[in-house]
Amino acid sequence: MTLSVRLHHAFAALTLDIAFDAPPGVTVLFGRSGSGKTSVADAVAGLLRPQSGRIAIGDRVLCDTQKGIWVPPHRRRLGYIFQQPRLFPHLSVRQNLTYGARFAPPDSPGPTLDAVVAMLGIEALLPRRPGALSGGEAARVAIGRALLSHPALILADEPLASLDAPRKAEILPYFEQLRDHSPVPVLYVSHSVTEVARLATTVVVLENGRVVRQGPADAVLADPQVTPLGAGEAGAMISATVRAHHDDGLSELSVGGLRLLVPRVSPAPGETLRLRIAAQDVMLATVRPEGVSALNIWPAVVTGIRLGEGPGALVQIEAGEARLLARITRRSVRALNLAEGTPVYAVLKAVSVARGGVPAR
Amino acid sequence: MTLSVRLHHAFAALTLDIAFDAPPGVTVLFGRSGSGKTSVADAVAGLLRPQSGRIAIGDRVLCDTQKGIWVPPHRRRLGYIFQQPRLFPHLSVRQNLTYGARFAPPDSPGPTLDAVVAMLGIEALLPRRPGALSGGEAARVAIGRALLSHPALILADEPLASLDAPRKAEILPYFEQLRDHSPVPVLYVSHSVTEVARLATTVVVLENGRVVRQGPADAVLADPQVTPLGAGEAGAMISATVRAHHDDGLSELSVGGLRLLVPRVSPAPGETLRLRIAAQDVMLATVRPEGVSALNIWPAVVTGIRLGEGPGALVQIEAGEARLLARITRRSVRALNLAEGTPVYAVLKAVSVARGGVPAR
Amino acid sequence: MTGWLGPEEWAAVALSLRVAFWATLCTLPLGILTAHALARWRFPGKHLLNGIVHLPLILPPVVTGYLLLMTFGTRAPVGAALQELGIFLAFRWTGAALAAGIMAFPLMVRAIRLSIEAVDPRLEQAAATLGAPRAWVWATITLPLILPGILAGAILAFAKAMGEFGATITFVSNIPGQTQTLPSAIYAFLQVPGGESAALRLVAVSVAVAMAALILSEVLARRIAARVGGA
Amino acid sequence: MTGWLGPEEWAAVALSLRVAFWATLCTLPLGILTAHALARWRFPGKHLLNGIVHLPLILPPVVTGYLLLMTFGTRAPVGAALQELGIFLAFRWTGAALAAGIMAFPLMVRAIRLSIEAVDPRLEQAAATLGAPRAWVWATITLPLILPGILAGAILAFAKAMGEFGATITFVSNIPGQTQTLPSAIYAFLQVPGGESAALRLVAVSVAVAMAALILSEVLARRIAARVGGA
Amino acid sequence: ARAGDVLVFAASSLKTALDEAAQAYQAKTGQTVTLSYAATSALARQIEAGAPADLFVAASTDWMDTLAAGSLIAPDTRRDLLGNALVLVAPAPAAPLALADLPVRLGSGKLAMALVDAVPAGIYGKAALTSLGLWDTVAAQVAQTDNVRAALALVASGEAPFGVVYRTDALAEPRVATVADFPAASHAPIVYPAAAIAGRDSAEARALLDWLAGPEAGALFAAQGFTVLAE
């Protein structure tokens, strides 16, 4: 089911003018602080009534100002993880978590209380009231509360921002699994490129209340034009098929015929998955390196070079069918005499591949 | 001035038992959600009255339960950036920002309103009330409000958690400058290793209300024992001296005699700085690689190998006087026949060195 | 008179308690509804409603008593209709409760309204996104959060009902054992020279009862606050 | 009588306004202080203070008036002492204001107390960490945030003061032009057969004044709410 | 009151009569007369507390006796000014009735009276019914009000089928009819004593008191249904 959002709404200081479609999977709303991400989520949730617009999930219209359709929030069947936790102060953590359960249709698919509590590590908090929870504890309870209402659409507004890295690493796979194995669309607001790269099926980039770029995650993230968002963020998304799982904890993937070794991934042999290869993690060599710790060395050819303002350069290469980005110095471009068409070797450390790695550094 | 904290306080679910000293500079409180970071900051601010303990800045005692000394919060002269913004809803953003100014001693050093507003990019928000600010906007105003009270001690509880990467990149240098050029000690709570690596003079690691590790940032972060905190987080801190700034945007540093090229850093030639080299960004080779884009290839020797549970291994090496960590696969350890004493080459991409890069990925 | 208080006086104490209790209890739902309407809804005539709610405060109690008599008397249309339904007010303790309830109404409404205005609507929104229909949100989120205000409103109303005199005596008069509340009895004693000491005994009883109710409400309020405040 | 209201009646209107205004204004600081103490402080005798505050609600107004007369009468010790200081209360409009203020006090305190209890102490903490001493925090953070409650308390007190009758007439009597407030005048008319229409006119004036005050307070409250609510 | 003005404290049931008399006196002499009406008990207590009244006209003798015992009135000025009679009223129109039939005619209805132990009209009424041998049969059905005017209103509104009120009240209320007169001997004489306050018995006050006891005022009072007692 596709979530389709068209809306226009003028605040005093910002005018929202939004149009995007979120296909099944995880659609990440990406953009700077104040660009309108939360407002879009509010409109989808029915907490902001746009001056004009239309919002629909599949053919279920939630809001159509022209036809005068307005579905109130409680009939939208969504799980909204708010930017601030908004826990109910008078209910215990357990009661907060189960608040939405009674409204979920009895046959609606979704996780159990035990599963969510275990994933979020909040067993010990269940009998407590939210008043004295730590920031991260409250954030986790808020995630659980939204998931346990078994929603037909999940809105997650920076759900992991206040969590530590190990905790993030425990929760992110849940969203991946939602994306891969559940029909529930997820609208996910995030500032973290790692999260975007790991989760996004679709990326919608907002700027000043407008959509400036939207599309499949690979396309948006592989585009060097996205660099303005932050130099460290360039990278490419590639699709890979699992070949085998080796005993030493590595998985062997095939990327358009090329072999890629990465730390163990969950899909079974034969299944495909998406990987993000950060431009910073790709090294180029004109001579095939020998005796190096990097396990993946691919023959490739340079297809484009983009020199930035600073000391860096972004080199686009093609290895087999995969297109990768490599961030190296201008000095190396000169030293290695790189130009369009130069044959090179792309060197990738197995531990650097983002998927299965740890999201935040 | 050194902040010295000794405190004992039992909550229903957690007992704090804390002792650490924060020398001038930035002391980062690091630890998982619910480990007691905010509670420690509250105690230093005077918002939590510990059951027993002593807190002092230099020889100014803020709290000493034995001697019955208790300085109320408003006489502690601190700037507390709370985990949740806590802006005053009835005051404009400008009034929020200037609220503490009148209580600062007239000669107290600190930034001007204009400087803070420019750094935080909140010019347009000044006349507004906080009610309808976005999450990141409110967080920025809260930072400004604390800084503008010209405090003698700054407490920052995850100040950048809800900000986008470019915004973080704009604000982080301000804290670096505080650390390097101001006598004001900063107690900084963060989950982000990038922030910790860039900012920390001292790191205090909390677990379940106890200090499990504390010391200079290089020592704590270079220690492989810190890995439990998250596989992606291993790395080493090294000290480097600036040799020269090259025209192509690279700076040449010297690390114990070895040459290191990195994207331009701000210190002038002759000055020293601290860098973090993530274990993931270090590649090892037994043969000196030729024709590679990596600019930094150091001869080194393996001084330790730690095999983890998974496919990875953490290799400690010494290059000149510098001790680095490299995260590679067990398979490579075997393939390259690495053992203690093996001479290797450490390959570092210039663009991978964290400092000067973009903090969050 | 036997013992400290005579039987008639005990009857007055018991009646006052009954009147105050029922006056508070029965007006509470309407008080909550009115407070909610004034705090949250927008409708034409809101100012009028607000004015009417405050009327018993503004009017001398005697006037309120007369108005009650003219509305709920046996010959008055509303009163007659109620009698058809088996609800008898005139010269009954029920009428005293009605008078006390009406006199206490503005106090109750204000207290509850203030608490409703203090509830963070974002919590109610959160509940709505979880699928809770409005009435359910109200019952499980709003209501528990305004309990301190409801309690404050109820205790104010109870205290007022214990002390109400002018409207009550005008409406249901003073029939010992049936409509003679404590304040009526106290008033009667004060009308005759030398009645002060007898009045004082009743005042003491009145104060003791109200004090007990107040302390009870404070203890309850503290519990509620602790529940909401966390820990 | 000239025109719609006679001069004596106009005097009663003017006096009632003056009494209600000053009663509200002068009790406001004490009301705020008391509310703050009850909401925030812990001290022995808190229950007692709470009880005393509610006393005027519990006691029949005649009793309150009687106690006032016993305390502040020209021959009573306190009243005599105050007279030495040039403060005359008995049988003056100032006494009417005192009576009205005391009767309205519990309503005012409750409203303000509820708002104080609704203030998020974390905001006050934030102000303290910025260096603001307690009194400054109170004046710049707490006070603005409880303004709606203060307004509610003040308007309740004003309305109550406009309608107060029993304690006033008992304490300062019913002297036209000096202590005859609207409710006293209404009462006097209602004591004689045929006085209803005159009473009704005064009731209308009373209601009109109170309504105007109510609407004004609602408008003000909405402004304050908009200021605090954001945008 | 300005020097030379005369301030009269008078029982509220005298309002109509005294207002007219005062107006006439003022028109004739130019002397300003101010009248403060309240319950006799309240006024008496105020005089005890030092009220600035010059003359006191009470509705019963007991409070005047109390003041006299306290030397608060100028003894030589005390006189019984007016008399009144007690009647049985029913909602108009109604046929006359023998008092002995009252219990039967009353049925299960209420007999409206002022407080029978506290307010003069009630005290007289109870005495009269007792001496007629009727009290014990009707006692349980007596609805007492805080003043005789409220009792009259209960009858006028049809709430109570019968009421015991003063003749003056019955005459002025068109909605009630007098159905029986109580024999003057059945109760203590109904008198309205008047006196000047000790120490305030100025020439002006004495002049007014004399005039009130004179034939001119007497005519006005008689027109209202009072018995003029003074010579």
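Each chain gets a letter, A, B, C, D and E, in the order it is written, and its residues are counted from 1.
Operating definition for what follows: contacts are C-beta pairs under 8 Å (C-beta built on N, C-alpha and C of every residue); 3 or more make two chains touch, one makes a residue touch a chain.
From a predicted model like this one, the values you see are computed outputs, not experimental measurements.
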Chain A to chain E, fewest steps along touching chains: 2
Label of the chain whose CA centroid is most distant from the centroid of chain A: E
Which two chains share the largest set of C-beta contact pairs: A-B
Between chain C and chain E, centroid-to-centroid distance (C-alpha), Å: 35
Chain centre separation (chain A, chain C; CA means) in Å: 57
Centre distance in Å when chain B and chain E are each reduced to the mean of their C-alpha atoms: 90
In chain C, residues with contacts to at least two other chains: 62, 66, 165-166, 187, 190, 231
Junction residues of chain A, two or more chains touched: 12, 128, 132
Contacts with two or more other chains, residues of chain E listed in rising order: none
Pairwise chain contacts, counting only pairs that touch as defined: A-B, A-C, B-D, C-D, C-E, D-E
Chain D partner contacts - residues on chain C that touch it in the complex: 47, 50-51, 54-55, 57-63, 66, 106-107, 110-111, 113-115, 117-118, 148-149, 152, 156, 159-160, 162-163, 165-166, 182-183, 186-187, 190, 199, 203, 206-207, 210-211, 214-215, 218, 225
Chain B - residues contacting chain A, complex: 11-13, 31-34, 37-38, 83-84, 124-125, 128, 132, 134-137, 139-140, 157-158, 161-167, 169, 191-194, 229-233, 248-250, 261, 263-264, 278, 280, 283-287, 289-295, 310-312, 326-332, 336, 347, 349-352, 357-358, 360-361
Sites on chain E touched by chain C in the complex: 39, 41, 44, 62-63, 65-66, 110, 112, 115, 117-119, 142-146, 150-151, 153-154, 157-159
Contact footprint of chain E on chain C as seen in their complex: 62, 65-66, 69-70, 73-76, 90-91, 165-166, 169-170, 172-175, 179-180, 184, 187-195
Interface residues, chain E side, partner chain D - complex: 1, 7, 9, 12-13, 15-16, 34-38, 42-43, 45-46, 48-53, 147, 149, 152, 169, 171-173
